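Below is one structure, written out as C-alpha cells, with a few remarks after it.
So that you can tell them apart, the chains are marked A, B and C in the order they are listed, and the count of residues begins at 1 in each.
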C-alpha cells in the first residue's frame, strides 16, 4: 500500500503528465530536495551549488563540505568505536530493516529490485560480523615467556570512500567500514539513491557523523580527502580513471593513509565479499602484560 | 586496632612488585661478567661476608669448635685469606664457639626464638634470646611468625620483633622473613618493612629449613626495601640472604646486585652477609685458582 | 663502587673478509659493482671492517631477474619442503649465533649482551616460527588457497640488522615469495653472512638475493618494475616517499616506520619495575628503536619518586666497548645519526627543557652519546614530537588518566606505548584508548615471533610477526 504510494509519487515527480485540460484537479506531488548528509543533518552545499541529475537539482559538494564532513566523522568516531559490537550490529540490522521497507523507493529511482534486496542482505551479513570479526581476525599469541598477549582489531578511524556507481557497490563499501567502528565520508556516484540511503541511515539509530554522504564530482572533492591529514584511510573503489587513482594514492601518502586501490571495473559486488573489505580498514593492536604473583 | 589499621595501610601502601619484572632484572644482573682482579676482590669480600653456619640436630661442641676455628683461618695455607663475618649456631652451642672466637673480630650469631618454625609462646622465644646473648652471642637471628603475617596479624609480628629486639640488648637483631613461605614478592616487601619498622638491624631471607631459600629476586626486593627505608628514615639496615648459596659464581651475583641496587654502602660485612656453609670452600677453591693459576680440588680444603 | 674488570667477548669467532660482492642468484659476485664500493666501519672505534659493493641499477636488474626466475619453482614447492629449508636456516643461525652476535655488535655498535641475548635468539625463533607456517597457510584465515605475491623488495634499517632481515625474509619465504633484500648502508655485514647461511642451507639460487648499497640502491630496488611487493622498515619520511613511488603501480606495500611512544607511569605503578621499564624503553639499543618509549608521562603524584629512582638507576648504566659483556650502552651507529641526536637535544635545551645525564665518560674514538633525560618538557617541544632515535628521554607529566591518554595520542605516530599501574581495570581502559599497535603494560620492548608488530597512523601499515604477518605476503 505504502510502497505503491511511493512509486506513484516518484513517477509523478519525474514525469509530470502533459498539461491538458483536466477534468478534475490532479494532486501536485511534493518533490524531494537532494541534499548532502553531514553529521546526521541534511545541509545544502556551503557553496550553494547544485547540479542536474535526471531532472533533479542535487547538491554539488565543495571541498569545504568535504572538510566539514571529516570534522563530523572525526567527532563521531570514538563513541561509535566505543559502542559495544553488539550495539553496532543492532544498528546495522536496523539499517537493513529500514532499507527493506523502502525497497520500492529505490526501485523507482532505477535501482533494480534484486539489487536493493542484495543490498539489504549485505547489511544483514555485515550486521552479524560486528561481534565476530575480533574473534576471527584477532586472538591470543603464545609468546615464549610469562606474558598475557592478545591481538585485537580496532577501527582505523575516519575513512574517505569514493563509492562505486552501483547501489550494491555503495552499500558494500560503507557497511564493512562502519561495522568495525570506523566513520566514513562517502563521495557518492548515483546521487539520488545515495541520498535516499542517507535517509534510511538517518532513521536507523546510526549516530550522526558515522556516515556522511557527499554528492557531486568526486574528481573535485576526492583530492581534498586524499590529502587530508585527519583522514586515516581512503577507499578508491569507485575511481575509474586510473590517473586520478594514482594521483589520489600519491596524495594519500602524505600522512600514510591506508589506501584501498580501485577494484576491478567489472567488480561483481554480488559475490561473497570475504573479510578483506573489513580487514583492510582495521588496525591490529597487540597488548602485553606479565603474569605472576 | 588503630595500630593494625596504620600498619596495614603503610604496608599495603608500598609500591607493588611485579614478579616478571623483578625476576627479569635479577636475571639481567646475573649476566654480569666479573673476571680477574675484580673477581679476586669479590672473593675476599664474599669470604668476609660469610656467616659460617651449622644448624643441625647433630651438632656437637667438637663440631662447632672446628667450625669456629675455620672461621678464623679459612685457608690455613694462606695467611692473607680474610676471616669470615660470623659463625652461626644454635643457642646451646654458643658457649663453645664463644671460647674460640673471643677477641677475634669474628661475630657470633645464634638463631633464637624457636628457630626455625617460630611456633612457641613469646616468653619462650624471649628466654631463648636472652640465653643466647648471655652465652656470648652478639648477633641474634630470629624468625617471624609467618602464620601471623599471612593471616594479616601485622601487630602481632611487629610486637614480637620489638620484644625480641629489647631482649637482645646490645646484640644485633637479624629478622628472618622465611621468604619461601611468604609466597609473593609483595609480601617480601611488606615483611621487610614491618621488620625494619619494628627495629631489625638486618633482614634475612631464610632459615634454610624450608624448600625455597634465598633467591636473587627476593634479595633484590629486600635490597630495594633497605634502600628505600634508609631514604625515608635515615636508618641503614643490613641484608642477609641465607640458604642455597653454594658457589662463588652465586655469591658474586649477589655482590653485583648490591653494587647496582644499593651501592657501596652495603658492600661491607657490617651490612651484608651470606648465611652459608658449603659456600666458603668454593670461595677458597676459586681464590686458590686465581693465586696459583690452576684448578683446586676439594681434598685440599678442610671439611667442617 | 666495585669495578668490574674488562670482560670482552672474543672477536676471533668472526672472520670478516676485506671486501664483499653482491649475493645474486646464489653466488657471491666479485667485489665491486656498477654502483661502486663503500666502507662499513665499527662505530665504536671508526675502524674499517670491510669494503662492500654498492648495487647500481644493472645489479638491481640482475637481482630482481634472479628472484623472478626463482619464484616459479620456489612457489611451486610443497609448503612442507619450503618449511624444511627455513627450519634448516633457523638451526644454522642457532649454531652460528655467537659469530653473528659478535659481528652484529662490531658493525652496529650495540652491546654484545643485547645481540647475544635479544637479537640472535629472536632471529632464530622468527625463522623457526614462520617455517612452521609454510605448509599450513590454508589454515591461516586468508582464504582456502592463499597465493604468494611474487618478488618482494625488502629494505631494512640499521638498528636491528639481522632481526629486521628475519622479520622480512622468514614470512616472505614461508609464503612462497622470493626476495631481494637491501640491508642498511652502515650495517651490511650480517646480511652478507646470512647469504652464506642460505648457501650452507642449499637454498635454491635466486630465492634470496642480498644487495648492498645506500639509499639510491634502495630506491632503485623499490621502484623496479619487476617487483610485486615492497616491504620497508625505516623512517617515516622515506616511507612516505616509497608510498608515493608505488602509487599507481599496483605493488603491494607494507611499512614499519617511526614512533614517539608514550610510556605512561601511574602513581600506583610497581615503581622499581617501572623504572627498569623506562630504562629499557629508551636506553635499550642506544634508543635506536622505532618503538622506544621516548616520551615518559609520569603522574604528578609520583613524579619525585620516579625521577629520583630513574636518575639513580641511570647512574649505574655502563657505556662503552660494545663487545664488553658488561656494557649496557654501546655506540651510536653512525656519525650522521650522532649529529641528528645532537641537533635535537640542542633544540631541547634551547627550547627551555632541563637536560640531565649521569656522570659518564665517553670514549675518545667512535660515536657516542651519554644517556640523557629532559625534564620540564611540554607537548610543544621538538623533543616531545620528533623521533630522536637515540638515548634521549623526554619527561612530561599528567594528572588524570584522560590527560595521559590525550597526551599519549597527541602525535602523528602510533607504533607503541607503555602503561605502568597495578590496577587492572585502569590498564585495560587506557590500553583500549591508546592509538598504537603495540601496548606494553607493566613491561616494555618485549618481542616475540608470534606477536604482531606494527603501527597506527604515520608509524606505517601492515603487521610483522604472528599470523597477521603472513597477510603482507599473500595475494
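Annotations for the structure displayed:
Here is the rule we go by: contacts are C-beta pairs under 8 Å (C-beta built on N, C-alpha and C of every residue); 3 or more make two chains touch, one makes a residue touch a chain.
On a predicted model such as this, the values are computed, not experimentally measured, just so you know.
The interface with the largest number of contacting C-beta pairs joins chains A-C.
Distance from chain B peaks, on a Cα-centroid basis, for A.
A separation of 38 Å divides the Cα centre of chain A from that of chain C.
Taking each chain's centre as the mean of its C-alpha atoms, chain A lies 71 Å from chain B. Averaged C-alpha coordinates give centres for chain B and chain C that are 44 Å from one another. Looking at chain C, one finds that residues 442-443 touch two or more other chains. Annotation for chain B: residues touching 2 or more other chains are 18, 20-21. Residue positions of chain A touching 2 or more other chains, listed in rising order: 145, 147, 290.
Contact residues on chain A toward chain C in their complex (touch as defined above): 136-137, 139, 141-145, 147, 149, 151, 156, 229, 232, 242-243, 245-247, 249-250, 252-256, 258-259, 261, 274-275, 279, 283-290. By the touch rule above, chain B contacts chain C in their complex via residues 15-18, 20-22, 24-25, 31-39, 41-42, 45, 224, 255-256, 259-260, 263-264, 267. Against chain A, in their complex, chain C makes its touches with residues 125, 141, 143, 236, 239-241, 243-244, 247-248, 250, 255, 257, 412, 427, 431, 436-443, 446, 448, 450-454, 456-461, 463, 466-468, 471. Within the complex formed with chain A, the chain B residues making contact are 18-21, 23, 183-184, 186.
By the touch criterion given at the top, residues 1-7, 113, 117, 268-273, 276-277, 316, 325-326, 422, 442-443 of chain C touch chain B in their complex.
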